[in-house]
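Reading through the structure tokens given below for one structure.
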Amino acid sequence: MAKVYVTGMGIITALGDTLELNRDGLMQGKCAIGKLDSFPSKYAETLLFGEIKHSNAQLKKMLNVNVKGVSRTSLLALHAFNQAIQDAGISEKELSNSDTSLVIANTVGGMCLTDELYQDANQHNSGSEYIASYDCGSVGVFLQDRFKIRGIVNTINTACSSSANAIMYGARLIKKGYAKRVIVGGTDSLAKFTINGFNSLHILSPGLCAPFDKDRSGLNLGEGAAFLVLEGEDSIVDQKIIAEVKGYANANDAYHPSTLSENGDGPFLAMQQALKQAGLTPGDIDFINTHGTGTENNDEVEGRAMIRLFNKVPAFTSTKSNIGHTLGASGAIEAVYCILNLLHQEIYPSLNFKESITDTRLIPEQSYSKTVINNVMSNSFGFGGNCSSVILSKV
Amino acid sequence: METQVLKQELKEKIIEFLNLIDTKPEDIKDDQPLFGEGLGLDSIDSIELIVLLDRNYGIKINDPKEGRKVLVDINTMVDYIEKNRTK
Amino acid sequence: MFYIHQTVCISPQITFPEANLEQLIICNENKLYAKEPSYEGIPTGILRRMGKAVRLGVAAALPLFKLNDQLDGIIIGTANGGMEDCIKFLNQIMQYEEGVLTPTNFVQSTSNAVASQLGFFSKNKGYNITHVHRGLAFENAIIDAEMLLDDNKEHTYLLGGLDEISTYNFNIDYLCGYIKKESITNADLYTGKTEGSIAGEGVSMFVVNNNSKDAISNFRAIQTIHTTDDKELAAVFKKFLAENLSDRETVDLFLTGENGDFRYENVYETLESILKEDTVVARYKHMCGEYQTASSFALWLSGWILQNQNVPMHMLKTSLKKNEIANIVIYSNYQGFQHSFMLLSKV
């Protein structure tokens, strides 16, 4: 079957608004997780977050958004989307051609607008400007309308694995002939809803998250967006090819709504099937961008699943130690980071690690290095047992 | 409040809070384990019971693991409430 | 493209466990609530946590799990699944000022709660996904299933669409102008000349694979588009018909998502005028109400019509002249800008 290539990327995270800023931050081992600047929450002073230091008003101005009812989630998406289509050199005409599709992922939608949603849900008189912007689909609808996208448009929500699934769905649309090019990605913004939700489950870290560390005590929430332009081999004329979407898989842990099983069948099967789909063996993977949230449950189970699959677990890190857990955006953001690994043949340090988990004894890479990387695996494991794995390869 | 009355109240509150359909207070024995084989509650329930203790009795338990030591059965819970309630 | 085998539909009409569609169940307050079943297959320990969408979804899938223990994956479309729990959690945040909160509502509020519970109940570790793109959530689930079945010829998947009416959803939809301001009865849905429709809910589940033997129906084609331009939509419809029906085939039944919102009346007239005169035109939203994944009800209904070779009178917009119904085209319209066409045929 024809290959699927990445021909453009865009990103915005707590590390910065551009690919360059993100790469610089990763290379320097920068931790962009800290106190909330401008977010009204009880937890602004006590917990740490990967906040993007632009207010909504600033984002609207930067992005020339003059219509009402656009949530922060949509604004972040627009920023990354713009970058991606510019990077890929997609024309307006191509964008609105029926062979261009959009597949986007998010978990928050417009629920970042806690106060407006509360009012609109509970009172009957008149709605806020955001009345039609609360659902997850609102972001895709916003982008579809702004860019007049006529091909298949889809939104996926499988919690933390959402945008990994978006990448997969987009690649498959191309392989099956439903689209010539697909812009895939994910976005999520910080929201009182998710902050309080994760806090109620006692899985937010009181300090900085420490993925794969023995004393890890939870995750830090972050926000961000990333988009990739995927095009089929047959559509390549003079576009620059950045990487290949080599393999992918989606499996379910089928154990518990918010915890992974001890054996980690979901993570194991996702990784194993992605390798099979890619036509690769475990030994072909040079590096893994783990899900690595820093929670007790995830890191131990993910470690165990990696050990089950790989004779020798490849070098791995968690970029959530730089920017926090960006939920629906994490799969796409981490895919972009994997492509940076491939393009520049380098590994960025994982942060806040001191001692390995007793049971698995795995140690993430802790310093920057130049190294040969042909195939990178990016893992995303979400609530509901939704586990996805994407393999990206050098071209 | 008398211990027996508190036990009854606690059972009613647990049933309501955890939405234990089909369970009546008299179905819950004082020494019946809340988790595992007994009443069959799980990790999310343990967090919910911590919230119950906070909202109804003003008791704050910050670590769910510490909470499990208290949330063994009705007897241990009532004992803890009597010693620590602020409401 | 693929074959539909066993199906379950829980809706405001009599559709589960047996269907009786001749009798239209009436509602008078702009809300068509699904007839909730007994939930006897769901242990109370798990049922107690489930919001309506989740328990409806599980109740619909359980009979299908009994008949199919080797499913290869679960593919769900839901736009608002879990919204009720979402807003209950939000209310907690406000009421307790971000204090100590109970997590159940949060965990149940994620859109993938249904698919995840289905995976849990069936211990299915295969593909598991939730599509949430509003009025095309179910359509994307179908496209996903199509692609999977094309890649995996021997596989069988559970495909489903569902959404619930929650107090909060309804309020937001009302403020958006999606619900009629005046109270009407669903029997009169198409007679008024006002904006908005009536709220609905339901779940429809389908077991799908590439095997034609014992199949109820043959799902042949799907097309989705975002547009508010009737001309563009008409062109897409003509292309859909030309590409998917041979010269010898006719559209016997055109089943439309007309929903009583007079703002979109023209669209239906335009599309109906493209079809031959002997095509029967029928409608379904007076049965299930308006919700983002109502096309899943339409798909179930079409399968029923193909099996029973009958279209209940209350559905007919034009009179029934056909001796045989072999090909049904379903047209779904969500708020005048998300559209889909589906072609379902007799096996």
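Note that the chains take the letters A, B and C in the order they are written out, and that residue 1 is the start of every chain.
Here is the rule we use: a residue touches a chain if its C-beta (ideal position, glycine included) is under 8 Å from a C-beta of that chain, and two chains touch if they have at least 3 such contacts.
Remember, predicted model here, so these are calculated numbers, not experimental data.
Chemist: More contacting C-beta pairs: A-C or A-B?
Modeler: Here the pair linked by more C-beta pairs in contact is A-C.
Chemist: Counting only C-alpha atoms to place each centre, which chain is farthest from chain A?
Modeler: Farthest by centroid: B.
Chemist: On a C-alpha centroid basis, what's the spacing between chain A and chain B, in Å?
Modeler: Here the centre of chain B sits 39 Å away from the centre of chain A.
Chemist: So how far apart, in whole Å, are chain A and chain C when each is placed at the average of its C-alpha atoms?
Modeler: 30
Chemist: Hey, what residues on chain B touch two or more of the other chains?
Modeler: Each of 44, 47, 51 in chain B touches at least two other chains.
Chemist: Using the touch definition from the top, which residues of chain C touch two or more other chains?
Modeler: In chain C, 99-103, 107 touch at least two other chains.
Chemist: Residues of chain A that contact two or more other chains, please.
Modeler: Counting only residues that touch two or more other chains, chain A contributes 200-201, 257-258.
Chemist: Can you tell me which positions in chain C touch chain A when the two form their complex?
Modeler: Against chain A, the touching part of chain C is residues 74, 79-80, 83, 86-87, 89-94, 97-103, 106-113, 115-117, 119-120, 122-134, 136-137, 140, 143-144, 146-147, 150-151, 168, 171-172, 174-176, 224-227, 292.
Chemist: Applying the document's contact rule, which stretches of chain A touch chain C when the two form their complex?
Modeler: 41-43, 98, 107, 111, 114, 117-118, 120-124, 126-127, 131-132, 134-138, 140-141, 144-145, 149-150, 152-159, 165, 169, 172-173, 176, 178, 192-193, 195-197, 199-201, 250-258, 265-266, 269, 382-386
Chemist: Which residues of chain C touch chain B in their complex?
Modeler: Of all residues in chain C, those touching chain B are 44-45, 47-49, 96, 99-104, 107.
Chemist: Which part of chain A faces chain B closely enough to touch in the complex?
Modeler: 200-202, 257-259
Chemist: What does chain B use to touch chain A in their complex?
Modeler: 43-44, 47, 51, 63-64
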